[in-house]
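We call the chains A, B and C, going by the order they appear; numbering starts again at 1 in every chain.
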């Protein structure tokens, strides 16, 4: 495979960025939706292949781009989920077109935006320049905003508007933090491009002014924290998930939240290198627990199935943030594993939810029940997804939560009690809903599901495998990155 | 010029007295000028420039009619108002800094003296118990409650930059030009202009030429006055205008003032520039007045609030400027 | 550095801040847009001055972008939107004027207090620019929070972006990459906003964002 990488005219990093970018104008002009959906799949698949090639490529750094242990697997994960979602989306949008919720003109736009979002997320992941990372996140946000509003119903427009306003404010504050970081690093590294390179900043972290670094981190935390969906900056998240097309909910939950958390962690690593800066861990632990508890309670009040799982995303981002807040090799390991597992399982759930909503013609939980008798396969997929996401064995989420709880008990016993309470609360809420959706009395209309179940079960299978056995390479990578995170 | 201590004192006293006399003597002329310019801008011929003098003369020779139920407050108030305003105006540096009484020319003292005058006026307005008097007083107090904090913040901002609240010292410092371009001062000027407009009952806060019950503030309070009482209040209002003109001039345009040496040439130059500044302001004020409309009463808080905001901003910005 | 140069930089940066406060004070939509345009012009002057002071000619490009995009093109387009949509000409406030102004002053004080002790090491121009920039950002936020009308929120957002540009140019030698990206993002932001404003109009016959609350998926179902 190394030979293959060497034989390529372009480096895999360039491919990961260029393939989606070049696809944007092409997808924007193709009017036949079958063709464009297929092309979307092809492009996403190629990006995934380029991501896989990255594994074989040597680590490299420039002032603008970087490939290291931390981002390489996230790129693979992102491109993989991007690929499976494009497969799912191809069958999903066919149905939307039939029911008249979308028109072909909007589909052109949809596919172009999909690739814009994927390219921007990849950019945010591979950039070494903190300004470039910011640009990636901002473009990804704008692309998702456009897609959330694509149905043009009043609810969708409200959701998109809210997402846009909160997202922009967050991104504005994050930019302010980025400038602050540059200001402090340029006094040590010297003015110019290297002072914005993340690895240079980390290398010189100890020499940087701790007060300014702390101030910068507060801005970055609020800015990128909004994107992560941490309470109390989460207000956009449930609406955006509920009102947009389901494939977008899947990538929002599965990928964009991860990328934002990744950005936050990059800066955490900078602050970890400076002993005099504020204790980032305590802040992350607090925000994580608040998000977890808040979301766990909110789960009981949901009436809309997509909102339900949106709150579940807040909950899981809270768990991951808490894990990184505790820090140390084991907790960081748990956090990374949790990010990965949540990506896979949550997007699988949204795939299932999309099918459910299309079959039932509604997103209201009260109108969805008795799936096991009308759609047995879908019911199994949905139930497995919920079992996986609440952290029941044998799925991967159980592994990461178990790791987290066991390591947290030694470090923060009191907080761990709160953590476990939150987990149990969320488990109760989700199982209760799942029980009703799957086993209740069938009601309302129920159309057959024509779309493909493959992405759903592939994701669940991966989560299952991860729960039973983690490949040695993956464990080594997680360990390496966990050590990096400090 | 070798002067003995006594002659130096006498000269100092004379210069101070000159200032005190001048502010009263020139006040009706300045008021007359603003009225004339305003009338011309409205394409009227307007009263002669010296009309305010004639008005005052006429009023002093008329009988002062006092309401039956008026108390001593009503009768004493005009003198208190005039005295307080005159003292304040006499203290503000006009053509020279470092005059004999300059040590007492404190910005806060000036604000306090004007506050005293306003207090007396408001009491007098309520004393007779007519509806208009009470209405005017309550409005006046509302304006005052908004304008005075702003005024104090202005004093604070200026004092932070100059390191003193003594007007003479501030003017002397600002005249040297060492202060440079300061945003704080610009904002303080803006705030002072707004406060000055409100304090002098000019458009858009009040209209000195109206007796319309819905809009008048100052005129409502003095509606019952006549004869010499009215003359005192009118004169006080004219002196107050000169006071604010001088204040703006000495804080924000202190060029030309006679500083250390009190040679005749410097004094003459100071006097000439002061008069020129008064003339410029007296022309600018009516021009500004004719371009805006009178505000509704409930818009005052926003208008004066902007003065407060500007003054507060001036104080804040002081903390980020050069060298602390 | 020459004291007068410094004073002018101070003056221009503070001018941007004062105009931010004036944005809060306005209660006519057209006035809001005009003040915003003026702010963009002052911002471009400030950025241009920084380019002279820092000897960084590339900042002139940023100044030019700010002048053309935010000083001319966007205000013109916003005026068009207001005229075309026949928007209510008065600004609809969530919180009344007085408290908003007080909150604005509080935010300015906060940002000065926050930045002042922290940025001791930086040179004075950068330091004060930074305090101003933070204040402009926070005031932009306040404007977005306290106004109901979509157009006013757009202006609030862009004035927030003005603060970001002020901060970016105040940081010495910040690479051009970022400035271009800021300009770029502003452009995108505006397109998005434009689309939204029109869509919102299409659906509700008003640009009052508050109307949207009636359609909240969940609240309705709680009832």
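Heads up, the rule we're going with is that a contact is a pair of C-beta atoms (placed from the backbone, for glycine too) under 8 Å apart; a residue touches a chain by one contact, two chains touch by 3 or more.
Worth saying up front: this structure is predicted, and the values here are computed from it rather than measured.
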Chain with minimal offset from the mean of all protein Cα atoms: C
Chain at maximum distance from chain A, centres defined as averaged CA atoms: B
Distance from chain C to chain B - Cα centre to Cα centre, in angstrom: 38
Cα-centroid distance, chain A relative to chain B, in whole angstrom: 66
Centroid spacing, where centroids are CA-atom means, of chain A and chain C in whole angstrom: 30
Contacts with two or more other chains, residues of chain C listed in rising order: none
Chain C-facing residues of chain B, complex: 180-183, 186-187, 301-302, 305-306, 309-310, 312-313, 316-317, 319-322
Chain C partner contacts - residues on chain A that touch it in the complex: 129, 131-132, 134-135, 138-139, 142, 145-146, 149, 152, 154-155, 157-158, 160-161, 164-165, 168-169, 172-173, 175-176, 178-180, 182-183, 186-187, 191-193, 195-196, 209, 211-212, 215, 239, 242-243, 302-304, 307, 364
Partner chain B, residues of chain C touching it in the complex: 3-4, 6-8, 10-11, 14-15, 17-18, 21, 25, 97-98, 101, 104-105, 108-109, 112, 116, 124, 127-128, 131-132
Touching residues on chain C, where the partner in the complex is chain A: 114-115, 117-119, 121-122, 126, 130, 133-134, 137, 140-141, 144, 150, 153, 157, 160-161, 163-164, 167-168, 171-175, 177-178, 181-182, 184-185, 188-189, 192-193, 195-196, 199-200, 203-204, 209, 212-213, 215-218, 221-222
